[in-house]
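Below, each structure is written out as structure tokens.
Two complexes, one shared chain (chain A), two partners (chain B, chain C).
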Partner chain A sequence: MEWIWKAAGIAAAGSVLGLLLRKHAPETALLLAAALTGLLLSVGLDALRAVVRFARTAAELSGVSAPAVTTVLKCCAIAVVTKLTCAFCRDAGQEAAAAALELAGCAAAAYVTLPLLETVLDMIRSCI
Partner chain B sequence: MEIDLIFKIAAVGIMVAVLNLLLSRAGRDEQALMITITGLIVVLVIVIREISDLFALIKSLFGF
Partner chain C sequence: MKGRSIKKGVLILAFLLVFFGAAAEHARGIDVEERQASALGTGALEDAVPAGAREILDDLSIQDAQQTGHVTAKLKEALFRSGGSLIQESMRESMQLLLVCALCTLLPSAFALDARWRAGCRLAGVAAMTVLAVQSVHSFGSLCAETIREIGGFSRTLLPVLASAAAAGGAMTSAAAKYAATALFMDVLQAAAERLVLPLVYAYLAASVGAAALENRGLAGAAGLLKWLAVTVLVCISVAFAVYLSLTGVTAGAADAAAVRITKSAISTAFPVVGGILSDAAASVAGGAVLLRNSIGVFGLAVVCAVCLLPLLRMALHYLLFKAVGTLALTVAEGGESRLISAVGGAYGILCGITGAVALMMYISIISVLKVVTVL
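Here is the complex of A and B:
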């Protein structure tokens, strides 16, 4: 659990440096924020690896099919990437791009869940 | 944890800002602009590599 303290320290140091750069080199400050975000997220995702492994094992034991779990995880990945990239666009002042990306993320999540929805439809058809 | 990356980017940014200020005050605005663009490209190359690694990590973690 020691990594959370390191991550907090890195976030604080990076934020102060970003504040320093914002006045004279705003483009570099934005890229610094992107690098900081990537670094912190990679640390968090390393910790999340164990959680995902546990979720897969729990689903396997409870009899949930593997494609369903994979679909949920894919939706999570789409949400993480979309949220971060939208925040980056907003930091850069590109509200329209952020809104478009949100829509694209929704479409991607819907596309990923299509096989599950088709399974549900098949189940309903078999019941009728 | 690659904290060096953050310091590297901050160092490039500070250098670019100082050079930009000096050249602007000296009346060499074109060179200041070139310095800014060069610094931006250098930082962009570093950041893009990091973002690419992050996306690869996300893909492997969530089973894409």
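Here is the complex of A and C:
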């Protein structure tokens, strides 16, 4: 659990540094924000991996078909990535890019869910 | 009407043949019960037992059925043999839905996603839960239809034999009437279950899925209406059958009792001295037919029980566990996901109701034929 303290420290230090840089070199501040996001994600990656591993193990134990769980996990991953990137775009003042990315994220989530929806339709067809 | 009169005529003829023929053979020392069993076609009845029930009852014969303890032991053994695996199967399937429900609810909360993304994850979760649930409900629908067909097929052999045995015991009119009523209502229930109630169950499940995915109250209301409709159709057919059977039993039973009294007194008075002896001999022969009727009835009850036992247990376990898991899911998901799990449990409940109604109809029919008036 000590990684959360490291992450909190890095985030706080990075934010103060970004605030100082924003006035004189906003491009550098943006690059710093990007680097900070990547670093924080890499610090929390082990915990994320553990959560995904747990979900997969639970799915295996209960015998849930892999596509069912994978689809939900992929949807969450798309949501997280879209949310972070949209926030980054807004920090950079790129509202249009953020909106476009949100739309793309929604489309990606729908695309990931499509195979399951197709299976549902096939089942309905077989029932009729 | 014409067909029923012919059926009644055939049964009365069978009664007279068995009654007087057996009386004569009894006087000659021939094994009456064996001849009666052969005349009624009990061998064909034993052959008509479905394979699954035969496996459970271990080639039970009509004579063995008189030992009810033996039959109960066989059923209990089958129950204990399969009970554990059925509970495991129900637990596994309900836990699968709970897991997907928990994942699609807890992960968006853990990542602090906004309402729009939560709705997206819920849609993915509901799709995954639908895939898991529809597969299972569809296989249970097929199991339900197969069980109904097996009971219907067996009843087509059991009911004529049982009605003939009851007619040989003195219940000419009521046995025919009850046979006709049961055959008619079994056909009606079988057709209604396969063509109306099962599609209603699928429609109910589809509406529940839609309500869960879109958080739509209108669809949830439609699902409730479809469920009510399916249950009402089942209840109406079962109640109509019970009322019809009771009314025919009362009217035809009185006619049988009067006919038996008149026949006995006519024989006794028509042939002085010998008439009384003949009447008593005929009564003892008819008593044999009653014993045979009871054995056939118990055999029929045991077979129907064996056919329904495991499917009913499976459906009842699924119903109970899915309802319990649906309630448990409320702790992680207050939305449509938990209601979807309960709705799947409700679908299992209706399927259980269909199978139970068919089995109950057969039970009521067999027991009502066993309780008809006799010569004794």
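By our rule, the second predicted complex is superposed on the first by the 128 of 128 C-alpha atoms of A that agree within 3 Å, B and C clash if a C-alpha of one lies under 4 Å from a C-alpha of the other, contacts with A are read in each partner's own complex, and residues count from 1 in each chain.
As a working rule, contacts are C-beta pairs under 8 Å (C-beta built on N, C-alpha and C of every residue); 3 or more make two chains touch, one makes a residue touch a chain.
Bear in mind that the values here come from a model prediction, so they are computed numbers and not experimental data.
Engineer: Quick check for you: in the superposed arrangement, does A:A29 touch first (chain B), second (chain C), both or neither?
Structural biologist: first
Engineer: A:A58 contacts which: chain B (first), chain C (second), both, neither?
Structural biologist: In the superposed model, A:A58 contacts chain C only, not chain B.
Engineer: In the overlay, answer first, second, both or neither for which of chain B and chain C A:V80 touches.
Structural biologist: both
Engineer: Applying the document's definition of touch, where does A:A92 land relative to chain B and chain C: first, second, both, or neither?
Structural biologist: Touch status of A:A92: no partner.
Engineer: According to the stated criteria, A:A68 is in contact with first (chain B), second (chain C), both, or neither; which is it?
Structural biologist: second
Engineer: Of the two partner chains, chain B (first) and chain C (second), which one does A:A104 touch, if any: first, second, both, or neither?
Structural biologist: A:A104: touches no partner chain.
Engineer: So which bits of chain A does chain B touch that chain C touches too?
Structural biologist: On chain A, the overlap between the chain B and chain C contacts is residues 73-74, 76, 80.
Engineer: Please name which positions on chain C make contact with chain A in the complex.
Structural biologist: Of all residues in chain C, those touching chain A are 92, 95-96, 99-100, 103-104, 107-108, 110-111, 113-114, 116-117, 120-121, 123-125, 127-132, 134-135, 138, 141, 202, 206, 209.
Engineer: Could you pull out which chain B residues touch chain A in their complex?
Structural biologist: Residues 1-3, 5-7, 9-10, 12-14, 16-17, 20-21, 36, 39-40, 43-44, 46-47, 50-51, 53-55, 57-59, 61-64.
Engineer: Residue numbers of chain A touching chain C in their complex, please.
Structural biologist: Counting only chain A, the residues touching chain C are 51, 55, 58-59, 62-65, 67-69, 71-76, 79-80, 82-83, 106, 109-110, 112-113, 116-117, 119-120, 123-124, 126-127.
Engineer: Please output the residues of chain A touching chain B within their complex, sorted ascending.
Structural biologist: Residues 3, 6-7, 10, 13-14, 17, 20-21, 24-25, 27-29, 31-32, 34-36, 38-39, 41-43, 45-46, 48-49, 52, 70, 73-74, 76-77, 80-81.
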